[in-house]
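All chains are identified by letter, namely A, B, C and D, in their written order; residue positions are counted from 1 within each chain.
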Amino acid sequence: MGTTKDRLYEIIFEADTKAGKIFDVSLLVVILLSILLVVLESVPSIERDYHYFLKISEWLITGIFSLEYIFRIWIIQKPKSYIFSFYGIIDLLSVLPTYLGLFLAGSHGFMVIRALRLLRIFRILKLNRYVKEGAIIVRALRQSRIKISVFLFAVLTLVIIIGTIMYLIEGGENGFTSIPRGIYWAVVTLTTVGYGDISPTTSLGQFFASFVMIIGYAIIAVPTGIVTAELTKQSTKTTSTQVCPYCLADDHVEEALFCNKCGKKLN
Amino acid sequence: MGTTKDRLYEIIFEADTKAGKIFDVSLLVVILLSILLVVLESVPSIERDYHYFLKISEWLITGIFSLEYIFRIWIIQKPKSYIFSFYGIIDLLSVLPTYLGLFLAGSHGFMVIRALRLLRIFRILKLNRYVKEGAIIVRALRQSRIKISVFLFAVLTLVIIIGTIMYLIEGGENGFTSIPRGIYWAVVTLTTVGYGDISPTTSLGQFFASFVMIIGYAIIAVPTGIVTAELTKQSTKTTSTQVCPYCLADDHVEEALFCNKCGKKLN
Amino acid sequence: MGTTKDRLYEIIFEADTKAGKIFDVSLLVVILLSILLVVLESVPSIERDYHYFLKISEWLITGIFSLEYIFRIWIIQKPKSYIFSFYGIIDLLSVLPTYLGLFLAGSHGFMVIRALRLLRIFRILKLNRYVKEGAIIVRALRQSRIKISVFLFAVLTLVIIIGTIMYLIEGGENGFTSIPRGIYWAVVTLTTVGYGDISPTTSLGQFFASFVMIIGYAIIAVPTGIVTAELTKQSTKTTSTQVCPYCLADDHVEEALFCNKCGKKLN
Amino acid sequence: MGTTKDRLYEIIFEADTKAGKIFDVSLLVVILLSILLVVLESVPSIERDYHYFLKISEWLITGIFSLEYIFRIWIIQKPKSYIFSFYGIIDLLSVLPTYLGLFLAGSHGFMVIRALRLLRIFRILKLNRYVKEGAIIVRALRQSRIKISVFLFAVLTLVIIIGTIMYLIEGGENGFTSIPRGIYWAVVTLTTVGYGDISPTTSLGQFFASFVMIIGYAIIAVPTGIVTAELTKQSTKTTSTQVCPYCLADDHVEEALFCNKCGKKLN
């Protein structure tokens, strides 16, 4: 029976074998369906018309997820290593809300935690180009995390100051009822989102807002610049992996067959 | 008559001869007029005042397009290769709505498919610099398609989670009547479009929204960074105008001394 | 008197001498005042309270500008070369509206043409670093004009198609009263401006809009990428103007004193 | 006692010793609390419910800050060098509003000046990577300040012209009551903030606005391009960590063999 368990382990936890891939893809489809279900259930008109169908599907999917969860614990050698892993916790949190819903109202929305299960997709795509390219983005973001932290800290200070000045200029009768609301406005403006739910109405306020927006021009350029500079560096790095075995030149285009410095064949 | 047909073929299908160019440019003008017509017809006041003029023009242009379509089928050796080609299908779809309009109401709007005929412009400009530079953009976008896919997948997961959290925080009375609407809000906010048709009104909602917007800062930097890094690489590549005199390969780095395809010396 | 005229020519038309610089700076101040005047005059409350002061200042400035214009024609050798030059036409258009205002109502707003006179600032700054750096931006934009044209053409086609689809989905009762209005909405959305004066209200419309916005993500990255790639190239170019006279190496940092390849002194 | 004063000086003014670091971090926490206090006090509901608690905390923090200020003056050798320094003035301005509030109403909002005290954080982080990376951003922004000035000047001219044209097209009944308001709209639109508090309603206005937004596409690309190009250059520069062993110059290109300042060989 040990071998059966081993084989099941490979199917459920790994994605290298054909059976394992089929299992993971089917699981992904069920996860997508379960998210669609949560989303549809929140639409009042759909909930009213298809109440029973949605409820039954809900319990069906929760059943599948519960079985899968128990199965995973049973199949693995050290259950604790799974239960307390990132995916283990998410898998548990995905089924809990439905059960809790029997006793507690309002826990329904937490089922969206299932969306995090989608991250499993990265395990299926494990070996191919997507992960590599994704890794470049992640690496670029990680490399620039200090620059971005400094930038975010500067933006936070700026946003507090701008929000307070605007609160002093406009006052409560124009929607700026408190400093937090002024800060909210400053964030909405500096990020160029601009809802318009709160906007300056006095002349001085509009003048100051124009000034803030033009500053925002330079500010929005900074994170873009940081990430772009990092990505340019990363993508330059990844294209030049070939090194000429004769003269050690390393600036070859990706499909190069011969060294562009000494003319010898590359391998 | 074969030669006449051959000559007509060259005029209608090719853009190399002078007559062919004149034909293509005139066709382009008619296409532009036909789009303008569809656009104007949709404006109630213009439709009321110029009803007959617009109707007549409509049938005139449909007539020209129909004749052109029949002509193309008659002139080409293998009609099927045209009929089922990308342009052949668009050409047919451009005239169908007017005829269908005799029997069916509401098919009028589909005439906008004609806008796709504008893509013919790239055939007229076939040989010159515009296409080359356009090709650089297209190549840069194609090269970065995997990075952009990974990015879009991450954004989709994020948008589902943010939309649901906002739905839980704000609730139906503030416009967030369902999770899909919350997701719509999340997209509007993360892309910095910010209509303001739905916007947070509770303090917690505004705090969370500020947080989302500042995250959006870093997120919007990513696609820009991807495309810019790729375009920088592309435009660096194209600056090396060296072509190997032996094998005509043309993708050399700027300081290349030897062809990277055949190993011969570059001059 | 010829020499007086010559000297006056140098003061008025050139900015190399000290007197010429003083003249140009004073002129710039008057131009700024004249623009401020037009702007203030348009504010109803200010116009009511300071009517006579504004009217007198208006005629005073028009008088100064008229005198300057006549003076320029009198001082230059070939008046036609000034009258029909870019600056000559702007100078004339700057004074005409005030005179026309005696006979015609509504010509007042055209006085804003004076803002174009501000471009004279570039003549004063003629010889220094500002113009050089400005020239880099202009050159980068000019170099990328073909890429930007192709991009704009693609955006225009896209905007027509998106606008029409939205017109078909939402219809007149939700603000999309005609295709031009749909196109206006598409431009507002794709550029991430997002006024919210027209926004989708049906579920299908909001779904399609979300799709458009996420496409807009990739689209907004393209012009940024084009300009950045060009600016990176330009700024790389401008830093390496020094060439080693001994080994011809040319990749020196701006303040380099010695060649980094052969160690010889740079001059 | 001199040594005690010296030791206190090191604790309060420096951040190198352990005690100094603890002092600075505690101070930072108090500053954060004081800002939170100002922010919360501005929320009407909180102010009503916790009036006395807030008032007492306010005076407590003002007391701490006042003591700290007096202490700093007493401890330093040349008090003037502190009193008239950047931090000295901010420290004074942080406590003044509370005292002034005894005599004057409305001075409360100025307490937000305390937010500027947060900049002290950069003294605590003095020696580590954050400051280095932050310095890269600052250097990139400083290097591109001339390009950005030219750009801002061009944008200002553009915004005045666009705002006036829109004022002429739309007129007062559609919200464009004066040229300054038109300019405000132009800034809101070009920066893609797009509140929607003022937006074009006539067909001509919407057509012109679409045109402005598409121009804005190219315009928003420029500052991003400037900063990105500069940051790319900066981050490329910093990768060459070679320092000349003779003259300690450190701005070498990556493949440099000789020092560009003294001409000696690098190893």
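One rule holds for everything that comes next: contacts are C-beta pairs under 8 Å (C-beta built on N, C-alpha and C of every residue); 3 or more make two chains touch, one makes a residue touch a chain.
None of the values given here were measured: they were computed from a predicted structure.
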Length of the shortest touching-chain route, chain A through to chain C: 1
Shared interface numbering between chain D and chain C [over half = same, under half = different]: different
Centroid comparison with chain A (C-alpha atoms), farthest chain: C
Centroid distance [mean C-alpha coordinates] between chain B and chain A, Å: 28
Chain centre separation in whole Å, for chain D relative to chain B (CA means): 41
Where chain A touches two or more other chains at once, by residue number: 180, 183, 192-196, 220, 224, 226, 228, 230, 232
Touch list for chain D against partner chain C, complex: 146-147, 149-151, 153, 157, 160-161, 164-165, 167-168, 172, 177-180, 183, 189, 192-196, 199, 201, 203, 206-207, 209-210, 213-214, 216-218, 220-222, 224-226, 228-230, 232-233, 237, 251-253, 255-265
Residues of chain C that touch chain A when the two form their complex: 192-196, 224, 228
Of chain B, residues touching chain C in the complex: 35, 38-39, 42-44, 109, 112, 115-116, 118-119, 121, 129-130, 133-134, 136-137, 140-141, 148, 152, 155, 180-181, 183-184, 187-188, 191-197, 220, 223-224, 226-228, 230-232, 234-236, 239
